[in-house]
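Shown next, in structure tokens, is the structure this report addresses.
First chain written, first letter: the chains are A, B and C, and each begins at residue 1.
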Amino acid sequence: MNKYFRELTVAIALALLLLSLAIFAPHFFQAQPIISRLTSQMPALVAAVGIALVIISRQIDISIGAQFSMCAIVAGVTASAGFPLGMAILAALVTGALMGAVNGVLVAYLGLPSIVVTLATMVTWQEALRLWQQGRLLALPNGIQWFGLSQQVGQMVVISVALTLVVGAAWAMKNLSGGRQIYATGTDAEAARLAGIDPKRTTFRVFVLMGLLTGLAAVLNLVQSPQVQPNCGDGLDLKTIAAVVVGGVAISGGRGTMWGVLLGMLLLANVNPALTHFHQPPYWEKAIQGLVILLAAVADGLRSRKTKF
Amino acid sequence: MPSSRSISLKLLLARHEVVLVLVILVEVVLFQLLGRNFLVGRNVSNVFRHSVEIGLLAVAMTPVILTGGIDLSVGSMMGLCAVLFGMMVNRLGMDPWFASLAVVGIGALGGGFNAVLITRLNLPPLIVTLGTFSLFRGLAEALTRGAESYSGFPPSFLALGNSDFAGIPAQVWIFIGVAVGIWLLVHRTTLGRSFRAIGFAPEGARYAGIPVARNTSIAYMIAGAVAGIAAVILVARLGEARANAGIGYELLAITAVVLGGVSIFGGSGTLAGTLLGWVALAILNNGLTRISDYRILEQPVASVARELSGLLTGLLLLTALSLGALTKTLAVRRARKQSLSDTSPNLVKS
Amino acid sequence: MRITKQPMGSQTLLQLSDIRKSFGAVRALKGVSFELNAGEVHALLGENGAGKSTLIKTITGAHHPDGGSLRVAGIEISNLTPSRARELGIACIYQQPALFPDLTVSENIGLRLKKSGLISRVRWTAQREQTVALLHQIGAEISPDAVVRTLSMPEQQLVEIACALGSGARIVVMDEPTASLTQKEQQLLFKVVCDLRKKGVGVIYISHRLEEIFALADRVTVLRDGESVGTYAVDSLTESAMIKLMVGREVSSIYPPSEGALGETVLQLRGLGCAASGISGVNLEVRAGEIVGMAGLVGAGRTELARILFGITPADSGEMILNGEKLQIRSPREAIARGIAYVPEDRRRHGVILEMPIAQNMTMASHPRFFPNGWLRFAAELQLAENFIRDLGIKAFSPDAPGGSLSGGNQQKVSVARWLATQPKLLILDEPTQGVDVGAKSEIHKIIRGLAREGLAVLMISSDLPEVLGMSDRVAVMRNGKLVDILEKQNADAHSVMSAALGTNRNEVPS
């Protein structure tokens, strides 16, 4: 089962982590805190699915954090203006899709490198947002938090939506030819073209799709508290890219699964909580994250070196 | 005047730098008209004093980007170097100048670490430096337990960041030294030329006998070392060494470089371009803080200067990139018509 | 016996009339006509550069012909594209399978065979069943769930064949399909080809292995220099006759003559080999003032040998002796320092850097020697460039002009200049005049002969047989990674060289 080797290694790592927690810090496994923690990790998971698609198509998007914040604020402002929840959700999705489209046009049709394009759009959205909101917290009207349901139910809704999305994405990547097109474009755009796929169109669509998913993620985050922070997306780019790389998505494109994304995200997101329960100070988090990214990259590098020649 | 500068590329290059100079002039005129105390000695001095660190990173990033790579970890390296510097001086009682040298060396080692992963294991620079971006910052945070900072440095050291020498801020002198050094390296040495060759044609450079791995490593080590210098200067200026030193600086540095016309794909670009890009950004940053008579979104411009300058920077970058892409397609079409044959070696066989 | 009439009752699947194709100044196809009937295996024969691959690419829609017409089942087709070709039932199996390495066999086949909409469902089980059926049909023992990356090259080829079968192709092109197959796999392939023929499919079969052509093909069309020399029933030809058709042109005597006086031995190879490159047991000597031509088919290992000598893929067995000194060259830098220069075959990737100025390209390989302490010297560089431009007759606007502004022939001269600037003792040229127009070709030949006269030892790899015969003092022939024959000038003719390259010559010179 060479194909899923990478995902298995992450699963094993996660299992080991949980095992050590079970042995040395069993108080980790309490139902409510776990559910709360999981709920708070779901938005990043959804965003990670989006960025995984971008990376599989051999691009990158570091503006994801800025997009997330912008979508959240737009949704919040829409809700505060009196519009119903549905409209706020729609606003978030549309905003995300539009921002994704901007990236998509520049990268796919103008042929600009995605690292620089998304750097530019990231700065633009981020600062535009700061200018607009001035760092103010935006209070949400009643009925928005937890979709107007109780916290218990609301948490369940968030978790189900996110997990359904992951499962759906996994299914779509495997079964819809759209998914095939993404893999093909990411592996070898020229071969894809000869196979009848339009790499430019595929790339554009991937960025728009990512924007949509980011909007969704922002909504899932929005409903978890009574106010919106304008910098809620800070650090999301690193978090999601790290999670997908760890989960087996290759930076060189063409490879990766949604299961890997799920596992990678669960692993990395629980480093901090695990540290807390091991009574280890939390400030090791970034160092561990960086190390994990490097290890994953090295593993991928060694693996593809073997089969290249 | 170096004679080995190509003719048809000259027009393109000259155009980019000329455009930047124009942009700078426009900025200066605008800010002088709209703002207060802009073209005053003190303010001009501040423009440069406050952006030396980013300028250093931009200048050091240029060789790396010329080789077709990228280094996202320089800002985090600044943080790590700042923290280590603070520890050496405060905890170990080292002489600050000696500690500075040590920290620059550590920066070079960090760059070397990046280089090993990139050249020996052939990992993509983007992902390697993303990992070290997190790792270096994480180490800095871990060492300071997420909270501590170091201060209480001797005044002679703080003078580096806050006083003038012959009318020019002390750190600017250092910046000039580094910038001149790297300019010489990029434009006057075989090493610098090899950076371009590696950027344009990494395999072709190898076939021409250029030690690709070694030279690429040198580029990354320089970036790390200069990050160390930038860290020392920042600490001297603020009087404080903390783990969050340099957050976001790498992106600003890359912005300056790309704005300056250095191609992210590698090979083409000049250090002068990087410097102009940096100056344009530094002036933008500073100039907006001088405008208090006008308002935007019901606020005096000066109080939202940072956000506004960030926004304008982003837009400027997007415009520059789009224009660059359009001129590139036009130039490629022109060159294709000029070139008489377009044979790929593999097509005509059997 | 030439065939001019097609057998009764057999349908013409493909008809090419007077196809012309040029790349810049080079005419790859000069008016080729070709026909394929249903239920026949039609071989395409010709040496390197004859135009076979260009013709194939015209058939599969990868190239647009400049002139002539293409008819599929009697209907004229213009503006053929790869997808259109696939729809018309044309499938091609290249030497390099174009599969997606990270997908499984059945996913790849599914991707190829399905029309791609965005949301259209990929039917999993149906796809898998189809894959199993196809693989079974060709007798390949490959699991449909195997990830393509893990398959060997021959297995990947079989998957490609399964794809072709599955797409219901009526016209199947096979480009050197047995190049890397084992005996058993070859038999499999032959059976598959025979099955295709029985089904009424037309197969265009390209191979250098004459015994295969005799075994499989009904007719053979021989290409030479971009033209068709004729279409024949395979039964009517002997091996000898085939070879003669392939190479039978006059060896042009317009090559600069050799001077005769040879110096000492510059290069000596004893049993040199590199397992990773597939090269073994090479024995060779090259003397100063001598031009040794290296002939052989594509893939015979000539470029691989050059890369060993130049340090790109260092040798792991045998000895290399340069000017009497036993050496181990481990990098191009070392090779250059020792006086070995290599003008590479893949000009786009390894040759002149198009974005950089001519003068800088010329000094690119000589940095340690020309700029001793690392500082660039622009005036000296300019002088060097001007000298070379004058001496080699390079047509350039100025030494500062970018490499990309030159024609192919002039770019090649700049490449030669770069290597001459390293002051080499041994010059290895890999296809020096490929893709170069006739005028520049002869100039480059004069330059090469002049260099030999000045005492350089020259190793010239070339697939252009007249060039090899005209320029070389001796001809070394490689086949399958071994140096199989070294012919003196008087013994070297088209026939003897080609025979050695193809392996039909039973009297191989043991080294």
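In the analysis below, a residue touches a chain if its C-beta (ideal position, glycine included) is under 8 Å from a C-beta of that chain, and two chains touch if they have at least 3 such contacts.
Values in this document were obtained by computation on a predicted structure and should not be read as measured data.
**Student:** Kindly list the shared contact partners of chain B and chain C, in label order.
**Tutor:** Expected: A.
**Student:** Counting C-beta pairs in contact, which chain pair has more, A-C or A-B?
**Tutor:** A-B
**Student:** Provide the C-alpha centroid distance between chain B and chain C, rounded to the nearest whole angstrom.
**Tutor:** 45
**Student:** Could you tell me the distance, in whole angstrom, between the mean C-alpha positions of chain A and chain C?
**Tutor:** 46
**Student:** Express in whole angstrom the distance between the two chain centres, defined as the mean CA positions of chain A and chain B.
**Tutor:** 29
**Student:** Looking at the complex, which residues from chain B come into contact with chain C?
**Tutor:** Interface residues on the chain B side: 2-9, 188-191, 193-194, 196-197, 200-201, 203-211, 267-268, 335, 338-350.
**Student:** For the complex, give me every residue of chain A touching chain B.
**Tutor:** Going through chain A, the ones touching chain B are 60, 106, 110-113, 115-117, 119-128, 130-132, 134, 238, 241-242, 245, 251-252, 281-291, 293-294, 297-298, 300-302, 305.
**Student:** Going by the contact rule set out above, which residues of chain C touch chain A in the complex?
**Tutor:** That would be residues 62, 82-83, 86, 98, 100-104, 107, 111-112, 114-122, 124, 147, 149-150, 276 of chain C.
**Student:** Report the residues of chain A in contact with chain C in the complex, numbered from low to high.
**Tutor:** By the definition above, chain A touches chain C via 2-3, 174-178, 180-181, 183-184, 187-188, 191, 194-197, 254-255, 307, 309.
**Student:** Using the touch definition up top, name the residues of chain B that touch chain A in the complex.
**Tutor:** Counting only chain B, the residues touching chain A are 70, 117, 121-124, 126-128, 130-139, 141-142, 144-146, 251, 254-255, 258, 264-265, 296-297, 299, 304, 306-311, 313-315, 317-318, 321-322, 325-326, 329.
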